[in-house]
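Structure first, commentary second.
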Amino acid sequence: MVLKVANITKAFGGLTALDDVSLGVDAGSITGIIGPNGAGKTTLFNIITGLYTQTSGEVYMENKKISFFAPEALAALGLVRTFQNVELFGQMTVLENVMVGSHTKSSSGFLSCAFKFPRQIKEEKLIREKSMRWLEFTDLDEHAEMRADNLPFGKSRLLEISRAMALEPRVILMDEPAAGLNSRETLQLAKLIRRIKELGITVVLVEHDMDLVMDICETIVVLNLGKKLTQGTPREIQENPAVISAYLGVS
Amino acid sequence: MDNLYQYLLSGLSNGAIYALIGFGFAIIHNATGIINFAQGEFVMLGGMLALFFLVFCGFPLSPSIILSILIATVVGIIFERLAIRPLKNAKPIRLIIITIGASIFIRGAAMLIWGKDTHALPAFSGNDPLYIAGATIMPQHLWIFAVTILVIFSSRLFFNHTIIGKAMRACAYNAQAASLVGIDVRIMVMLSFSISAAIGSLAGIIIAPLTMTSYDVGIMLGLKGFCAVIIGGMSSGLGTVMGGLLLGLLEALGAGFISAGYKDAIAFIILLLILFFRPEGLFGKKETERV
Amino acid sequence: MTKEKRQIFVFLIFALALLTIPFLLRESYLLNVLVFIGIHTMLAVALNLLLGYAGQISLGHAAFFGIGAYMSGILTARFALDPWLVIILAAVSAAAIAFIIGFPILKLKGHYLAMATLGFGIIFYIIFNETVGWTGGPSGLSGIPNLQIGGIIFDNDMCNYYLVWIITIAVMLLSINLSQSRIGRALRAVHDSEVAARVMGINAWVLKVQIFTISAFISAIAGSLYAHTMTFISPASFGFNFSVELVTMVVVGGLGSIYGSFLGAAILTVLPEFLRVFEDFDIIIYGLMLILITMFMPGGLISGFQLLAQKVNLKTKGK
């Protein structure tokens, strides 16, 4: 199990956004997390990636306890994510966005950058080439020099994925990558996610697009009102009456 | 002992002023998320305008005060309309720079209009000390305490018991939801600027007889008001009053017993310590920033 | 020409132009103004690394300028230490102060950071004023020696010009290099989205402290040079107004542009010289510039130049 969440509870003042949630993610799998709005999906991602601190509970990655690790420390361990409300570096070019993704994979310090030591020049060239390849991976290479702000919405979701891939992660968490995409783009996204899996990377996906989730996920976890409702294969989830009633708003 | 009493008294009255200035910060911050750097300039405008009407134009006290507050309020509204509203969704750094720009612009304008001299505003009820229960107190101190208490109670009433006040609180809590139920958020923001300019200028008017006034008093007073509201956890309530009084007292005692030259440094060291160790204030509670 | 070659070309022209100016322009008064432009450019570049690249405001940068100036002034005028050694000592001390204060201060964001740095700046201003025994207090510190190397004494405008500008050009070059490296990208990433930057493995807090420290280091060097060229310093040069003036230089010139910092520094240094008659107008003009540029030209004046250059470039290509 590459990622394990154990008994996570998160309270915002009086509101319990997550209540004793546990789940495990198998290495190399695509795991979906679904649930109605406000179920606590993004909050769970925020806790796993160290942006929020949980009220109680633990997170493990490859049996190493990573509760309360800072996001930057988790990135160094190969845990990365994308955001529901796309968080690009808007004033930088598309290529530069991906180059930032190589930050943990490069090491030139202040002096070597300011004085342009030969090693730094070499490293910079390498970063640029690798980043171009990640742009090609998502078909964004022709937009390399465009300001990220100016990308159409669908492409900006792809750029977030290329940037995350540049980190050469072991686990990638995607928060609603299909939101705002048209059906053609969603199909391409499905292919892309499968290719990411083929690279041996574990994918965890929060998504409202049921067709996509049922299509690509091996395991699905259902959250409702902060509680884990159930976990199973797409078939099991589709037939589970509790899931159906949660989505229809009956309790 | 006598000295101590004097220090306490001046500490409390300065503290009350800091609290009033702090209210101004809180009202705008809660409505817009902005810390208005120009808050101190409203305080300066209050003092300078009152001086202008009272001393140069020779108007009686009450019309001078009312006119000064009115003009400062109008300045607040213009400021919001011209500089803040057009940048509604800008990055914080731009908003900070704009409010800094506005603050030095107002200060520069005041200097051009009224010059660089420092002036004393005549005390509202003369300078004869009153003897109450064996202690002496200047009438101006009483004015300050009375006005502060009045402002606290009326803002309580306003925010808790009037429709407009409740609407402003709704905006502060969630602007989007407020606009969905039909509250005009833009008007509420403008209102927050005008109320905060009015309270700020009032503070500037009542303190001017004790501390003198000039075009550049706004920076220090603004910072100290900010210090008060930070201690109070950005509330426009009792926390900030406590913060102001605490700051005023520490400052007065420090100036009296340690060194007058470092009086202002004391306030800023307290400010830094609070920001470093309890940014949510002594009387505020922590929130999780949304991602 | 590739983009990179063009950049080197532009920089060489820029540096050469600055280094030949004294041959064309022998008037001492103008050279003197140019010396100040150099010192201000250094300060603006230093602040720009923090404000324009990392997106973190400092309203107390005059303090680091002052620390450099006073350490150089006091240690050379009162204790006759070697001035060159003291410059390094002063820069390292300012950097150390920035490093220590940077950790708590740069935890703060936005307006809170502005207030904290402002408070920090004012505390130092008060210290410069109150420690009369060392600094001379409000009436200032005089008798600071000029720098000298071998037989050359930097006591005339020509010498000072080269002293200041060689260092300034070096600072600019290093800053440009830095801004285009992985560190520069990390800084801009923190500016655009701190959360995303952290998720990408950038330790935003430490990075901000590092750039704050470097910025203080450069500012202190500018302060030392200022003390030695002026030979007299007083607290008034290191107060809140000067901190605001520095922010104005960076914003007017262009946030996140090193040449912009030069432009902003030049404009804000020359303006008061032309506007001598309206001395009292400076504050209101700075305020107006900050507001107008922020509202209508967020890229600063340099972005206007760049647009122009692009147009010219397109036209020549079209031929």
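We call the chains A, B and C, going by the order they appear; numbering starts again at 1 in every chain.
As a convention for this text, a residue touches a chain if its C-beta (ideal position, glycine included) is under 8 Å from a C-beta of that chain, and two chains touch if they have at least 3 such contacts.
This is a predicted model, so every value here is computed, not measured.
J.: Sort the other chains by how far their Cα centres are from that of chain C and give me the top one.
T.: The most distant chain relative to chain C turns out to be A.
J.: If you tally C-beta pairs in contact for every chain pair, which pair wins? Let me know.
T.: Result: the chain pair B-C has the most contacts.
J.: Taking the mean of the CA coordinates per chain, how far is chain A from chain B in Å?
T.: Result: the chain centres lie 45 Å from each other.
J.: Roughly how far is chain B from chain C, centre to centre by C-alpha average, rounded to an integer in Å?
T.: Comparing mean C-alpha positions, chain C is 33 Å from chain B.
J.: Where the centres are mean C-alpha positions, what is the separation of chain A from chain C, in Å?
T.: The mean C-alpha positions of chain A and chain C differ by 40 Å.
J.: Mind pulling the chain A residues that touch 2 or more other chains?
T.: Chain A, residues with two or more chain partners: 51, 83.
J.: Scan chain B for residues touching two or more other chains and write them down.
T.: 291
J.: Which positions in chain C touch two or more other chains at once?
T.: 195
J.: Under the touch definition given earlier, write down the residues of chain B that touch chain C in their complex.
T.: 34-35, 37, 83, 86-87, 91-94, 96-98, 100-109, 111-112, 116, 219, 223, 226, 230, 259, 261-262, 264-265, 268-269, 271-272, 275-276, 279, 291
J.: Which part of chain C faces chain B closely enough to touch in the complex?
T.: Chain C reaches chain B through residues 51, 55, 57, 59, 104-105, 107-112, 114-116, 118-120, 122-123, 126-127, 129-130, 195, 240, 244, 247, 251, 280-291, 294-295, 298.
J.: Which of the residues in chain C come into contact with chain A in the complex?
T.: So the residues of chain C touching chain A come out as 174-175, 177-178, 181-186, 188-189, 191-193, 195-204, 210, 214, 256.
J.: Show me the residue ranges of chain A that touch chain C in the complex, using the header's touch definition.
T.: Answer in residue numbers: 49, 51, 70-72, 75-76, 80-81, 83, 87-92, 96, 99-104, 106, 108-110, 113-116, 120, 123-124, 127, 163-164, 167.
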